[in-house]
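Read through the structures below before going on.
Both complexes below contain chain A, partnered by chain B and then by chain C.
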Partner chain A sequence: MRWCGLLLLLLAGCAAPDQRPEIVVQRFFGECGVIHGGSTDVAAADTECGILTTLFNRFEAENPDIRLKVNVVAWPGYPQLAAQIAAGDPPDLVTMHQSVISDYQDRGLLEPMDGVLVEAGVDAATFTPAARAGVVKYGRVYAMPWDTIGRLFHINTRLMAQAGLMRDGKPVLPRSPDELLAQARQFKAATGKPYLVQAHVNAPDFHVALLYTYLLAQGDTIFPDARHVRLDTPAARQVVALFRQLHAEGLTTRNQDFPAATARFVQGGGGIFPVGTWMIGPYDAEAARPGSALYRSYAIAPFPRLWGQDAAFVDGHAWVMPRAARSRSERAAIARFLGFLARYNADWSRTGQLPAFQPVLETDSFRALPHRGDIVAIASTGTQLPEHVRRQSAIQGLIGEELEAAVTGIKPIDRALADAERRVNRLYAELP
Partner chain B sequence: MKSGGAPRRLEGLAFVAPFLLLYGVVLIWPLLMGIGISFHRADLFGAREWIGLGNYATALADPVVHQAIGNTLLLALLIVPPLTALALLLALALNRATRGAAVFRGIFFSSSVLSVTIVTLIWRFILTPDAGLLAVAADALGREPLPFLSDQALVIPAIAITTIWWSLGFPIMLFLAGLQQVPADVYEAAALDRAGRWTTFRHITLPAIRRTLLLVVMLQTVGQLQLFGQAQLLTGGGPGGGSRTIVLAIFEVAFGRWELGYATALAEILFAMILVVTLLQYWLVTRREDAG
Partner chain C sequence: MSATSPRAGLSGPVLALLLVGAAVMLTPMVWTLLLSVKSNAALLGDSGAALSPPYTLDNYRAILADRLTSRWLLNSLIVSLGTTAGVLVLSSLAGFAFARLEFPFRRSLFLFVLLGLAIPEQAVILPRHQLFATLGLHNSYPGLILPGLTGSFGVFFMTQYFRAIPRDLDEAALLDGASRLRLFWSVLLPLTIPAQATLGVFTFLASWNDYWWPLISATTSDYYTLTVGLASAQMNYAQTSGLGFLMAQAVFASVPILIVYIVFQKQIVRAMAGTAVR
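And now, the complex of A and B:
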């Protein structure tokens, strides 16, 4: 009996190796295997995590000749990716913000994807203008765009109505900094709640998106060249001063991190939550749920024009291929996977993110999704950072930390902006 | 006897050689490599340019590094003495062979087995001013909740309390082990002499566990000077860098900014700090013993 067991063990060890090509996909967007682990019904899935998990399940089911290995990393996952690349063991495909692609492309760490996209049947000419600006660097395609992320005003219309800030069923939004302050004070007086819901703790990208948007609106050049940032300017000072004033007067929520701010808005704790397109899906679900503070009381709008002209700083998610030696069969597997994902881009847009492909943007089914008519223009007019801007992920952390300090009153505005400029320029001075 | 000395030394070396080899490869070699890299402008992906002491000069002039060093020292100061005192008190209380003491020993040790992610999650639920446990309590008392994670004056104490709660188990175990080594007849003699509790503690217990006390203080100092996870997960080093520790700064510089040369220079500075602090502690304690 004991010999039989040993023989079985030996035979098990002699099993034929798996000859299928393996692709390692690394993504953020969270882990939800418990809910969506076995599902392949993409149309029934919801949330970013749910849709992506279901898509991966479906790919595996439809392509049994490919071994798909998925690494889920905590957002944004760049420290892990940098360590993996430095160790010579990068994944095959990685989710990456379009604003970060230049960092890796400039250092020669990404493979141009023109060829693999052709093999996948993905035509780069079908990318939306915003998506194209995000993934094309110096004439070559370095990623397959997945969406365009815009920042919006998510609005609790019940509270806005209570404050007398609704007209013809639409929220009345400010057209200048003074109007914003006046409306915020009016809102607080009528509802007793802050006008804005914001994350001020451990959320550096929050203020950076606001600053970039309103600097672009004023025609300011934030990154004049590849080695300098310009933040210590009158335009930047007046943007930060406005948000400092809102904070000082209690017209915005205070002391909240991103999860707390997200929950606060759902609970009806404030009027407007200036956050990204990715919250449209979850908040729409709340707006349809009787008993929710947002029930039939939810609207969205692009950031209002407070200075200069309409402008939206946009970013997006994309799939990049870190540079590595790969066999022909592995490349073919990657191409098939990318082609599969591209075909499901319309499903991804149910999250609230704007599609990366123009044909999807023009479909009736996309336009029929709630609120999309209000924001569809962002995919064409949204402004990405110039392609020479490097280390955006690290820079966003540095600028965001100084902005948090300025807005919450820890540092004087002038000093915070000067410190942000100094810290970013020092980082650029160290680049090879 | 003398003729067998050399072979015996070789035998002894053979026994410790595998460990020494591993120690050299895993610790000494990376340490030397780190020192070498710190003299370069180096990125994470292999670029190297010799700049001598440039990274050290930058670090000495960098206000972010000054703030991180200050935060780290303050955290060590707020954590190590209370943690040592609390662990010693609990060990004294639990140093008895009863079922209740065994249960409490288990309870106090239980927090130590949690990962830093779980610990910070628990303490976020306690500290967050929006709906945290302390905020609910403050609300019930009609007071404004304190912003523990977003006020520069409160964030370091908040991280210190989180760390003390998390780290209590191991020092308690060390003290219990030390206390159980003290001979019972010494206590009996003290009781016959009608020595009070404080006198017994001061003149018998404390001298007997002096070495354990030194070990706990040194281990905790070394550990807390390398505090990382709590600051990264609870506050991300904020607000305004108010809770950024040196290791968090090293992590950001190396893996966020890819400045490996600068990060290794910071790591060497931290190494020197730890070495100086622990040697100082050791010297202070052993000097008294020698004098005694």
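And now, the complex of A and C:
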């Protein structure tokens, strides 16, 4: 018996090593192996985590000649990526926000992906304009776009109707700052509730998205070059003054972080929640649940035009390839994986994010998804940050802090905007 | 209650103040526990739903059903216990040497060790990361354990404790023919058990709760510790639609810490009261 055991051990030791090419894919969106661990039915999957997990399962099932190793990282995963790059051991593909790509591309840490995308059968000409702007830097494609994230007005139509702000089954949205204030006052008088639900605490991105959107609408250049931001402008003062007035008059919720604002909207605690595409799914589920404050009372719309022209500041998720030495077979495996993902981009759009590929955007199945017809234009008109903008996360934090202080009345608007500009420019001055 | 009981000295208002303080401290914990036994859907619209039934253990089932969670739990145990054992061994030896042995540059070396107390981890994390990368130690247990062994606090703590033990004991043991090693192992070390317990508990807790180093050293999920793993498992932006699951994760990660507190509460209270080094 002992000899048999020894023989088995020897045989195990003699087993041929796994010759398959390995690709290491690193992503955020969480871990949900419990729910979707064994599933390969992509069409049946839901949530960002669920759809990605199922996609990866399916790829493994369909491509047994490739070893797929998946790292799930804590959102957003950039500290880990930086550490991996510093250690000389980066993953092969990584989820990255399109607004962050410049930061890594600028330092030569990402591989241009034009070649691998061609090998994958992914035609960069099929990217939507918004997605293309997010991944093309200085004429080269540095990522395969996965979606476009836009900010929207999520609307409680029951409360809007109560306030007399519905026409032909559609919400009546303002077309100027004065109209916004008038409608907000009308809404509050009729419902006793704030017109806007907003996250004012620890949510710098909310203020920044609003400010960027309405500066773009007025044709302001926010980032004139790679080392400067321009925020201390009449246009910016107008935008912040409007939101400060809404806050001062109690026409918006106050002192809430993002989860609290989310809950407030679900409870029917306000008329409009200006938040991202990613909340369409959860709110739609609420709209279908009898007893919910949103039951059959939910609509979405792009940010209304208050100044200048229609505009939407957008971002998106993308798959980037950190620079590293890779064999021919590994590159081929990466290409096959990217091609596989691209074919399932339509499934990803069930999450609420807009697809990154124009053909998907034009399919009947996409248009048949709830509310998508109302926001599809964002994939074309959405504006990304210019390609020379670096350290987006850090500067968003700085600008957001100052905006929070200005909107809530802690700081004079002029000073807050001047401080935001000064702090960002100082950060840029320290960059190599 | 005897007349000498500590509680006997508390006046009514002080007791009331303490009770209010305890309630303030306990409320977030009870709140977390209640949220953890509610369904995520129920909490999406109203976190106040935690105050009323129905309650469910689904969030805990989801955590336990994930094969990676047990792996992360094991990793945390290996890293925390490994770090604790290493710190106790090294700090005891170094403490004994600094307190009892004469060797060249002893004072300078001790001063050098003390300097470590003034340097925050963030200041050394980049060179340490590079060093570990060069040595190929990332994504390994040694990579997670070794940085925890270099803390100055343990050495300082044990040195002070050894110094507080009367030197008469050394002289008696040496007169009886004991070697330095015997003196350390059989005479002095048993007297440091209270300090070892305190240092051990603190080291274990610090290692268990550590997030930053495991986050950047363990970059494959097989080597995540529980803190990093649970953070990576969060499924959506700000965990808006998974509040119950998030709270269950928090409770789950706290259980081992709670056990350590219950088992070693005497040592912890003594350490907090500053009586361990007497």
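The rule we apply is simple: the second predicted complex is superposed on the first by the 415 of 432 C-alpha atoms of A that agree within 3 Å, B and C clash if a C-alpha of one lies under 4 Å from a C-alpha of the other, contacts with A are read in each partner's own complex, and residues count from 1 in each chain.
Definition applied: a contact is a pair of C-beta atoms (placed from the backbone, for glycine too) under 8 Å apart; a residue touches a chain by one contact, two chains touch by 3 or more.
Just so it is clear, the structure is predicted and the values come from calculations on it, not from any experiment.
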| item | value |
| --- | --- |
| Clash or fit (per the criteria above) of chain B with chain C on chain A | clash |
| Touched partner set for A:C32, first chain B, second chain C, both or neither | second |
| Chain B versus chain C as contact partner of A:P224, first or second or both or neither | neither |
| Partner chain in contact with A:G164 - chain B first, chain C second, else both or neither | neither |
| Which of chain B and chain C A:G373 touches, first, second, both or neither | neither |
| Partner chain in contact with A:W278 - chain B first, chain C second, else both or neither | second |
| Chain B versus chain C as contact partner of A:A263, first or second or both or neither | both |
| Which of chain B and chain C A:S393 touches, first, second, both or neither | first |
| Touched partner set for A:A83, first chain B, second chain C, both or neither | both |
| Chain B and chain C contact sites that coincide on chain A, given as residue numbers | 79, 82-83, 86, 257, 263 |
| Contact footprint of chain B on chain A as seen in their complex | 78-79, 82-83, 85-86, 107, 109, 200-202, 204, 254-257, 260, 263-264, 391, 393-394, 397, 401-402, 404-405, 408, 410-411, 419, 423, 427, 430, 432 |
| Chain A-facing residues of chain B, complex | 41, 43-45, 47, 49, 63-64, 128-131, 147, 149-152, 234-242, 251-252, 255-259, 262 |
| Of chain C, residues touching chain A in the complex | 43-47, 62, 65-68, 126, 129-130, 132-133, 138, 215-217, 219-221, 228-229, 231-241, 243 |
| In the complex, chain A residues that touch chain C | 24, 26, 28-35, 47-49, 69-75, 79-80, 82-84, 86-89, 257-259, 262-263, 266-267, 276, 278-279, 282, 286, 292-293 |
